[in-house]
Amino acid sequence: MLYREAGQFITDYRADKSIFRLKQERWGFYLLLAIAFIFIPFIGNDYWFSAILIPFLVLSLAGLGLNLLTGYAGQLSLGSAAFMAVGAFAAYNFHLRIEGLPFLVSFLLGGFTAAIVGILFGLPSLRIKGFYLLVSTLAAQFFVLWVFTNFSWFSNNNSSGVITAPQLIILNHDFSTPVGRYLLTLGIVVVLGFLAKSIVRSELGRNWMAVRDMDTAAAVIGISIPKTKLLAFGISSFFLGIAGSLWAFTYLGTVEPHGFDLTRSFQILFIVIIGGMGSILGNFLGAAFVILLPILLSNISMNLLAGAIDPGQLENFQKIIFGALIIFFLIKEPNGLAKVWQTFKQRSRVWPLRF
Amino acid sequence: MTTNEHLLSLNNISLSFKGVKAINNISFAVNRGEICALIGPNGAGKSSLLNVINGVYQADEGEINFDGESKKNMSPHRSAQRGIARTFQNIALFKGMSVLDNVLTGRNLKVKSSWVEQVFNIGQAPNDAVVQRKKSEEIIDFLKIQPWRSSLVGSLPYGLQKRVELARALAAEPKLLLLDEPMAGMNSDEKAEMSRFILDTQREFGTTIVLIEHDISVVMALSNHVVVLDYGKKIGDGTPDEVRANPEVIAAYLGTKH
Amino acid sequence: MSFFFEVLTGGLLAGVMYSLVAIGFVLIYKASGVFNFAQGSMVLFSALTFVSLLERGVPFWISFIITLLIMLVLAWAIERFVLRKLVNRSPITLFMATLGLSYIIEGLAQAVWGAQVHALDIGVSDEPFEIFGMLLSQFDLFAAAIAGILVAVLSFLFSKTRTGISLRAVADDQLAALAVGIKLNRLWFIVWGVAGFVGLVAGLLWGARVGVQFSLSLIVLKALPVLIIGGFTSIGGAIVGGLIIGSSEKLAEVFLGPYIGGGIENWFPYVLAMLFLLVRPSGIFGERAIERV
Amino acid sequence: MITDTFPNLLNFQAFDKPLSIAIRHKQLGIWHEKRWSELHQELLQLVQLLKEKGFKAGDTLFLLSHPRPEALLLSIAAHWLGGIAAPLDPAYAKSKVSALLNALQPAFIFAEGQLQVDQILNLGLSQKLIIYADARGLSHYENATLQAYAAIKNLQPIDYLKQLSVAEPEHTAFVFYRLNENGDVNLQQLSHAEMLAQGRKLVKQEVLTAHEEALAARAFAASGHVRYLLSPWLLAGFKLNFPENIDTRDIDRRELGPTLVAGTSATYQRLHALVESRLPLPNTLHRRLFDWAISTSKIDFFLRRLIAYWLITRPLRDVIGFSRTRVPLLVGERLPAKSALFFASIGIHVKNWPDVADWQQSNIKANIPKIESKKVLSQQLKQAGATA
């Protein structure tokens, strides 16, 4: 609507593969990055970084992880938090037990460990579909947490299974300040975001969607279902694993296994549903929603209702509202906020005409 | 028993669901480069037969010889690798993907680069991507669906979806193409167009085609070879004219309205 | 040896509880193909309502009736405002909707009745008595009896009454059922209502056992493996599955626990269910469908 | 000073700006570009091909095709050898085209693809050569006169320094045929000089430069397009763009955003109808805004124009691919008031240029749709040649 497309045509296929076809979109995105990396660090305060921005980023990443599995490959999972836990605890142990291992590397290794565990619990998906798969992912959820609580080795014999963040130092620059942790998280999330985008646009991404939309046809045109599904589990868990490390070490600082319990998995699932299945952007929208709504509610009850509602009740209302929202989205906009954005963009492309 | 000019031959195939015989001891052979039509009343077992040929169903008895290799049964994946592509009676496209992406998935077996190479756009990936895109575009051009290249298949009219599904099958550059009622629910113009596409496919790519079709006029116009099924049995097999002359066929099929 | 049997029967009787919840699932799944994750919160909600009424001095049966009515209203609301708007959506979607539903119901229950634990006494003593040299809980036997009766009644209803028959028809083929003029909406309402009733019974028994508290809603997680093993569409299967899960997890806890660490009953049922799946992907009693293409 | 003919001008452009883009053709989803030098090379190969096939001065090359670079280049190659290009309107009814072909008994034909080739072969003409561009479906045809355009790739181009173009300005460059209602063949002969003169007039008046982007959505099947698109292209040396196919031309126009559009009344009316069909529904706020914005009422003030421009006309122009259009030409008959008003109201001021309709009655008679003995027709054709 506001910008012209005329004259933006492609003369080779490589150009057509770029994520933002129109230069205006490209610029808009760069601007966004600039704001996130340069502007916000200056204006943001510690509360914003620690209580809103960092968890927002980490949950976006987690949602991304689950979205790859559920939104793109169509495999439902209730075990997301378990894979986050694996990532976090693995990273912690790598960093703890390998002398002088840069923590970024240990994050990465944590991610890979999560991927392996993910593939293990994904194996049943080769024989079973739909709800039946829930069993496998729930098994992961409970088994993993049980392991981390029962075997204190994983938490370096900490009585309550708590693990603590390593020194966040890259090239002897300390990232443990709120701004530092924000920038660190942002950097990792942006990189992984691009990675995810190029995965879903690659052949693998297409195969995932093919399996999701019609697995019989996918098999008939020669897509290897087992490979496709297991890769989905592996890669999804890799993203979740990294998100776990960030959750534990750049957001909370210390975490116990039950920081990754079933409710966390649900929270991530909600992010995906509200944000939009099968969309990268959606995870960020969904995460923002899930983070901001409670804050909004509590502010309302604080300021408008002058704290008439006690926190316990507030939590209940939150639950009700979230439940209602989930149902609302499933009924009205099954493809979530991302779809809303998509529709808006499409409408404005043809504005002032209808189509 | 398969001589060289037979691309596909079925020997005494039988299949049953829960005791009900869907296919009863059927044998026939398809020559290289021919268009072979399977006809017969609804429930004659035509679709089931296609499903057996490319391994969606596993035959209870009998064996399939494809391209000089005999198998009792094959997985769909294996049969795709060996060059069998197909379309489905009720369209089985990937509704959430664009036309181009659907056609691209059809080429998944031709892709040279590994997924890692593709994700990081290294190694063979950059060239491979271009090659696959070009091939897909050629198919899109061949079936004249350029205007819808980037629209979601779910949003396209029925006739077009049928064409896109054919495109996806052709993208695999198959030796054998199985078409399950490619013209079901089309008007005469669309049928004519689709027939033309099918003929061109056979001529341009030398693809052997086995198709199921109810419209006898289309069958007679298109096919070099007709096999007639009724209640899971083969009751006719030969050139269109031979079949048209076959009294049993007339009784079982041509007599009844379809 | 007798100790083994003691654990076994204890497990079996606990399994009865699982079965009770699982039955609620099966009913709804048969009728609407919905995997109702909210079953657990329905159990919690009903128990909480009941006990709160009781605490406010309402007589036992009155509060039972009231609770039942509330559960019916709930069922009606669910059918009217959720299911009806999600007809012929994918099962996954429906499942996620019930996930949202469970959040609403739990939030509602605690917002109205508070989150503290309530003790519930339904007048059945829980002190164990000895039989064939092993200790059995009187309460467990009572629960088993109730479950038995419930199952008997349900299976009678579903084999004899019109509703029951149309339910089976729907389970077989929704379109065909619609064609012969079965009103799905009405059926769904009934089924959810019955599921609510079953949930109430289960809620009372569990509540009396462990106290009425939030954790009640978590037994839904146990019901899942039960269903996997028993098959989603068979009440009998739900019972058997419940018994298998109940007993095996207790046995595992007692005999495996010491070696690999306690608290394994959280995940053991799932592992067991997975093993089942690998052997028999559609459960013991569930029927396998042929894929049409 | 080189003589004023199409081939010479192409020579000139190839020397003047060898490396700048001359032609874009959207194929297989992307715009394929050709530079003037490449174009020149291809032209020389085509000349070679035509020579080999015995095309000589005075021969006519008939073109059955939608707009394609191949058709364009072949025309100029024919000119090179002193021949004439006769494009047949692809919008013409099949039966009429067949009737024309029968009447005219062409020896050299360019056919876009299988459909056209079939049409020609079914007529059983005694043609010497059929060049086809789109090989789809033709691989199994066994007809000695069939020749794939692609085959020129491995042809040794003529040495244009030794074999200069024999075309002369007063030669007929293009001839257009049509049938009147009682089946007489009418024709229109256009010389190089005349066409280029009018082209030059346009270039001068509209100040067309080498930077124009023109879209050739219609074939050069009407003299107007030769006058106002083809010759300006060769004179000003701008970029000529061909859409992927007739169905995608709207998408392609939007992608490209041409600066020069040469359309007929039909072209513009079609576009107008397209917009009409997609307007916001009546009695919606959206629609009211639209109407208010494009209303050409007298009460006009700065703010209104500003809002109208940014909210409606500018985006609308982009959607229909006119956002960069500097010279919207209307060739031939003028627009109906309604359409004219519409385009004016969104700031597209269509410029009307006359399409001189100097149709001459030939005494060739064609029969539509049935074909009678070709012998008689060919005799009539001979007479026509004698009398002309």
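Each chain gets a letter, A, B, C and D, in the order it is written, and its residues are counted from 1.
Heads up, the rule we're going with is that a residue touches a chain if its C-beta (ideal position, glycine included) is under 8 Å from a C-beta of that chain, and two chains touch if they have at least 3 such contacts.
On a predicted model such as this, the values are computed, not experimentally measured, just so you know.
Asker: Please identify which chain has its centre, taken as the mean of its CA atoms, farthest from the centre of chain D.
Answerer: Following the centroid criterion, the farthest chain would be C.
Asker: Which pair, A-C or B-D, has more C-beta contacts?
Answerer: It is A-C, judged by the count of C-beta pairs in contact.
Asker: Averaging only over C-alpha atoms, locate the centres of chain B and chain C and give their separation in whole Å.
Answerer: 47
Asker: List the centre-to-centre spacing of chain A and chain C in whole Å, with centres computed as mean CA coordinates.
Answerer: 33
Asker: Suppose each chain is reduced to the average of its Cα coordinates; what separation in Å results between chain B and chain D?
Answerer: Here chain B and chain D have centroids separated by 41 Å.
Asker: Round to the nearest whole Å and give the separation of the Cα centres of chain C and chain D.
Answerer: 75
Asker: Where in chain D do residues touch at least two different other chains?
Answerer: 29, in rising order.
Asker: Could you check chain A for residues that touch two or more other chains and list them?
Answerer: In chain A, residues 12-13, 16, 216 touch at least two other chains, as defined above.
Asker: What parts of chain B, by residue number, touch at least two of the other chains?
Answerer: 56, 88, 92, 133-134
Asker: Enumerate the contact residues on chain D facing chain A in the complex.
Answerer: 24, 29-33, 213, 254-257, 275, 278-281, 286, 289-290, 310-312, 315-316, 318-319, 321, 323-324
Asker: In their shared complex, at which residues does chain B touch chain D?
Answerer: 100, 133-134, 137-138, 140-142, 144, 146-147, 149, 200, 203-204
Asker: Across the complex, what residues on chain D touch chain B?
Answerer: 27-29, 114, 136-137, 139-140, 244-245, 247-248, 251
Asker: Could you pull out which chain A residues touch chain C in their complex?
Answerer: 76, 124, 127-128, 130-132, 134-136, 138-139, 142-143, 146, 149-151, 216, 262, 266, 269, 273, 312-313, 316-320, 322-327, 330-331, 334
Asker: Going by the contact rule at the top, pick out the chain B residues touching chain A in the complex.
Answerer: 54, 56, 75-77, 79-81, 85-86, 88, 92-97, 101, 104-106, 108-109, 111, 115, 118-121, 126, 129-130, 132-134, 168-169, 172
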